[in-house]
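This structure is in C-alpha cells; I'll ask about it shortly.
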Amino acid sequence: MLDLDLSSVGGIINHGGTVLETARCAEFKTEAGMKKAVSTLKKHKIEGLVVIGGDGSFRGAHQLSNRWGVPTIGVPATIDNDIAGTDYAIGFDTAVNTALQAIDRIRDTASSLRRLFVVEVMGRQAGFIALETGLAGGAEEVIIPEIDTDLEKMCQKIVRGYQRGKRSSIVIVAEGSESGGAFKVARQIGDRTGFEVRVSVLGHQQRGGTPTALDRVLASRLGAAAVQQLAKGDTDKMVGIISNRVEVSNLDYAWKFQKQTDLSLLKLIEILSI
Amino acid sequence: MLDLDLSSVGGIINHGGTVLETARCAEFKTEAGMKKAVSTLKKHKIEGLVVIGGDGSFRGAHQLSNRWGVPTIGVPATIDNDIAGTDYAIGFDTAVNTALQAIDRIRDTASSLRRLFVVEVMGRQAGFIALETGLAGGAEEVIIPEIDTDLEKMCQKIVRGYQRGKRSSIVIVAEGSESGGAFKVARQIGDRTGFEVRVSVLGHQQRGGTPTALDRVLASRLGAAAVQQLAKGDTDKMVGIISNRVEVSNLDYAWKFQKQTDLSLLKLIEILSI
Amino acid sequence: MLDLDLSSVGGIINHGGTVLETARCAEFKTEAGMKKAVSTLKKHKIEGLVVIGGDGSFRGAHQLSNRWGVPTIGVPATIDNDIAGTDYAIGFDTAVNTALQAIDRIRDTASSLRRLFVVEVMGRQAGFIALETGLAGGAEEVIIPEIDTDLEKMCQKIVRGYQRGKRSSIVIVAEGSESGGAFKVARQIGDRTGFEVRVSVLGHQQRGGTPTALDRVLASRLGAAAVQQLAKGDTDKMVGIISNRVEVSNLDYAWKFQKQTDLSLLKLIEILSI
Amino acid sequence: MLDLDLSSVGGIINHGGTVLETARCAEFKTEAGMKKAVSTLKKHKIEGLVVIGGDGSFRGAHQLSNRWGVPTIGVPATIDNDIAGTDYAIGFDTAVNTALQAIDRIRDTASSLRRLFVVEVMGRQAGFIALETGLAGGAEEVIIPEIDTDLEKMCQKIVRGYQRGKRSSIVIVAEGSESGGAFKVARQIGDRTGFEVRVSVLGHQQRGGTPTALDRVLASRLGAAAVQQLAKGDTDKMVGIISNRVEVSNLDYAWKFQKQTDLSLLKLIEILSI
C-alpha cells in the first residue's frame, strides 16, 4: 500500500512504464483471492477503485462491482488498443511512435539492391500497432493476426517491386500473426526470393519511453473523469475518449463488443506502397 | 509545375515541413489572379484540385469550385487545429509533441527555489497547442487568446505554490494571447513576484520535425479520401477524421462553424498542477 | 544531507538536470561560509569531496583543499564546455544535440523565399555550443562572444546567398555575444535586408533532457575516477577525458589555462554553408 | 556517376544512412576489377579519391594509391568504431545513442519481479557499441566478442541481484559474441534461472537515424581535411580526430594497429550495476 499524494505523483507525467508496478495476479482469479482483495479494500477504507488496464482487468473490476459492491471505474490502457468504448487506449500512441522511429531508421539504410527488412512489432491478438506503424512508416507489407497472409503471393509482389526499381522493402509482422514471428517470416521470404533479409525484433521498448502528448492528455482526462464518476456514485463503468469527448460506457462493453481492426488501412498500405 | 509521381514522392513520408514549397499568394485574392489560376489549371489539364491547408486556403478552394467549376476537395492541415469538421488537422499532433519535448527538458532544470519558466508556443487565434501542451507537460499556468488572463491573480497563485513547496513553475503562453508574448509576460511576473524568470520562445521548430504517427496516418487517409471524392465527381467538400472514421463535410463548414477550444482542459490543468 | 546509496541513485542515469538540486551559494564565498562548510563536512565525517561543476565550483574546491585540508577532486560539468583539462565537460554533448534538433526542425520549414531564422543558444562567455550546433546544423552564420561580428557584412553575404538561390538562412547567436540576443540581432538583420526574420530562443531546454550516451559514459568514467583519486589520497585535482583516456590535472588548470574555442570551425561553417 | 555539387548535397546533413548508395563490390577485389576502377577514374578526370569506410575500404584505397598512383585519402566511417588513428569513426556515436534509447525504454517496463531482458546490438568483431551502450544504459551484463563469457557465473550473479532486491536486469549482447545472438543467450539464461526472459534485436535501426551532433561535426571536419590533404598532393593517408584535433596517419595504420576495446569499461559496468 502506498498513498498517492501530491508529492509522490509529482513529476511522473513524462515517465514511461508504470509507477504502480502492478502485475497480473493469479490468486485474484480465485474466489478466496477476490474475497481477500475486497477485505483489503475495506480495511484501508477505500471507497472506490479506478482500474487501469484492458479486457482482463475490466472483467475483474466488473466482478468487484457486481458481486461485492465495490464502486469501480475502468480506464482503458493497453498498447494493443483493442478495447471498445474509446478511440484510443493509453499507451497505444506511444507504442506506435516508438515502432515508427525504428522503421524510419531502418528505411535510411536501404542503400543496396535486393535487401529486405522484417520488423516485428507487438500485437498478440490484434494488428492495430502493425497497421498504424505500417501505414505511417511506408511499409510494403503488413502481416497481422486478423488476416491469413499468403506468403507466396506476398513474395511475388515484393520481387515485382524490385523489378520496377524499388531498392528496399519493409515487412511489418505483428508478434501474434499466424505466420510466426519475424525470424520465421524472414527465413521463408529469403528462401522464396533469394534476397538478403534482415530482422529487427522491437520487443519491450514499445512498452516504455516518454509518453506522447496524446497519451498524456488522454490519461489526464480519463483519470479525472474516472474520479468524477466515482464521486457521482457511479460504478461498473469505463471512461473513454470518442471524438475528443469523454464518454462513459458499461464495463462489459469492453469484452462484449470487439473493437474491429480497420482493415481498410491494409488496402491503403497496399495502394501507397506501390 | 512539378509532376508528383511514384519516384518524386518516394521517401517523403518522414520529412517535416512541406515538399510542395507553396506559400500565400496575394495575387490569387484578386479577380485577375483567380482567373489566371483557373486558366493555368485548364492549360495543364488538371481535372481536380486537392487543397491542403486551413481556413484561408479553403475559402479560395470554395471560390474555385463555386464560381469557376473547378472540382476541389480540401484536406485540413494547420498546426493550430482550429478547423471544424475533423478531430485533428495535419501538423497539430507533431507541433504539440515538439513543444512538449521542450517543456519536459525545461522541467528537468528546475533545481533551485523561486525559479519560473515562461514558454511561448504557437497559436495566433487559438490556444489548442498551448492547452494540450500545458496539460501534457504539467504546466502550472496557460495563457491563451480565448480567455482574458488576470496576471495579478495568476502571480498570487504562483507565489502560493512556492509557499506550499513547489520548486518550479512553468507558464505556457500562446503567441496570440492578449498578454503579449513570453518576454512581456515574463517581465510582468518578475516585477510582481520578484522571482527569477527564464524565457523560451519555441518558434518555427513547431512547424517542422519528423511527423508523428498520428499525423502520417491522418495525412495518408485524408489524401486517399480526397482523391476518392474527386474520382466520384464530388466538389466543394473537405475530408476529415471524426472518431477514427473519414467524414466528408462542405468546405464552408470550416469557417461557418468555429471549432471550440475545449476550455475544460484549462480547468483540468488547474486541478492537476496544484 | 541525503545519503546516496544503491537505491537512491538507482534509475537516475537517464534523467536530465540534476538530482542533487544544488545551486550557487553566496554565503560560501565568505570566510564564515567556508568555515561553516568545513565544519559541516567534519560533523558528517565526510573524508573526501567530489565537486561537480565548472570554473567557479573548482575555485571553491581548490580553497577547501588548500586552506582547510579537505580532500577534493573536481569533475568538469558545464554545458559551455569551457574547461581546460578535458575534451568534453558533462552536459555539453546533450546541450548541443538538443539545440541541433531545434535547428533541424526549423530548417524543415524553409519553404518560402526571403525568410531568415535567428536562433539563440546558450553560451555566456564562450561559443562552443553555437559553433558545434552551427556546423552540425548547416547554419549560414554563427555569432559568438569570442569574435566581433560585422553585421553589415553578414547581411550582405546573406543577401548574396538568396540571390544565388538559397531559400532560407539560419543565424545562430550565442546568448553572450556582443550583438545582443536573438531578438536584437533579428531586428537589425530585418532592417538591413528587408527580409522576414523569425526568432527562436531555446533557453533552458538545453540544460535538461535525457543525456546522450557520450555524457553518460563521460559521467560514469569521471565519477569512478574521482573516487579512485580520493581513495589514493589525492586532492586538489580534476579528472578529465583526453582522447578517450582519463587524465588527471591540477584543479587550478581549469582557470589558469583558458580552453580555446576552435575558430577553425567558424571558417569551416563559412565554407560548408556556401 | 553523379556530380555532387552545391544543390545535390544541400540539406543532406541531417539525413541518416548514405546518399551515395555504394555497397561492397566483389569485382573490385580482382585485378581486372581494379583496372576497370582506375580507368573509370581516368576517363572522368578524377584527380583524387576520398574513400569513406572502414578497414576493407581502406585496403582497397591503399592499393589504388600504391599500385596505380591514384591519390587517395581515407575517412573513417564505421558504426563499429574499430579503426585506429581516430577517437571516433563516423556513425558510431549515432548508433550508440539509438541503441541507448531502446534500452532506456526497455528499462521503463521493468515493473514485475524476475524479469530479464536480453538486447542484441551490432558489433561483429568488436564490442565498442555493446560496451558504451551497456555503460550508458546501466546494463547489468555485457557480452562481447573480445571476451569469453561464463554464462553459468553470469546467471548466478543475476540471481543474486534479484535476491538483493533488483527488479529487472538487462543483458546486452554484441551480435558477434561467441555465445551466439540474443535468442540463444536468452534461452540459456531462461533455462538456468527459470526467469521470464524477453528479447529485443535492434538490427539495422542502428545504421540509420538522424545523425548526432558529434557525427556531423566529425564528418564535416574530416571531409574538409581529406580534401585539403588531396589539394596538398598527399596520398595513401587517412584523416582522424584525436582529442578534438584533426590528425593524419598512414592508411595502413587502420589495419596494422588494432584499436583496442577499452576493457576497463567492462569492469566499470560491473561496479556501477551492483
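Each chain carries a letter (A, B, C and D) given by its place in the written order, and its residues are counted from 1.
Operating definition for what follows: contacts are C-beta pairs under 8 Å (C-beta built on N, C-alpha and C of every residue); 3 or more make two chains touch, one makes a residue touch a chain.
Being a predicted model, the structure only gives us computed values, none of them experimental.
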Inset, instruction - Identify the chains adjacent to both chain A and chain C in the sense defined at the top. - result: B, D
Inset, instruction - Could you work out which chain's C-alpha centre is the most distant one from the centre of chain D? - result: B
Legend entry - Approximate Å spacing (C-alpha centroids) for the pair chain A, chain B: 27
Legend entry - Chain centre separation in whole Å, for chain D relative to chain A (CA means): 33
Legend entry - Inter-chain centre distance, chain B versus chain D - centres from mean C-alpha coordinates, in Å: 40
Legend entry - chain D, residues touching no fewer than two other chains: 104, 107, 210
Inset, instruction - Using the touch definition up top, name the residues of chain C that touch chain D in the complex. - result: 6-7, 11, 13-14, 87, 93, 96-97, 100, 104, 107, 132-133, 135-138, 165, 210, 212-214, 216-217, 220-221, 224, 242-244, 262, 265, 268, 271-272, 274
Legend entry - chain A to chain D touching residues, read off their complex: 15-18, 20-23, 98, 101-113, 117, 119, 167, 183, 198-209
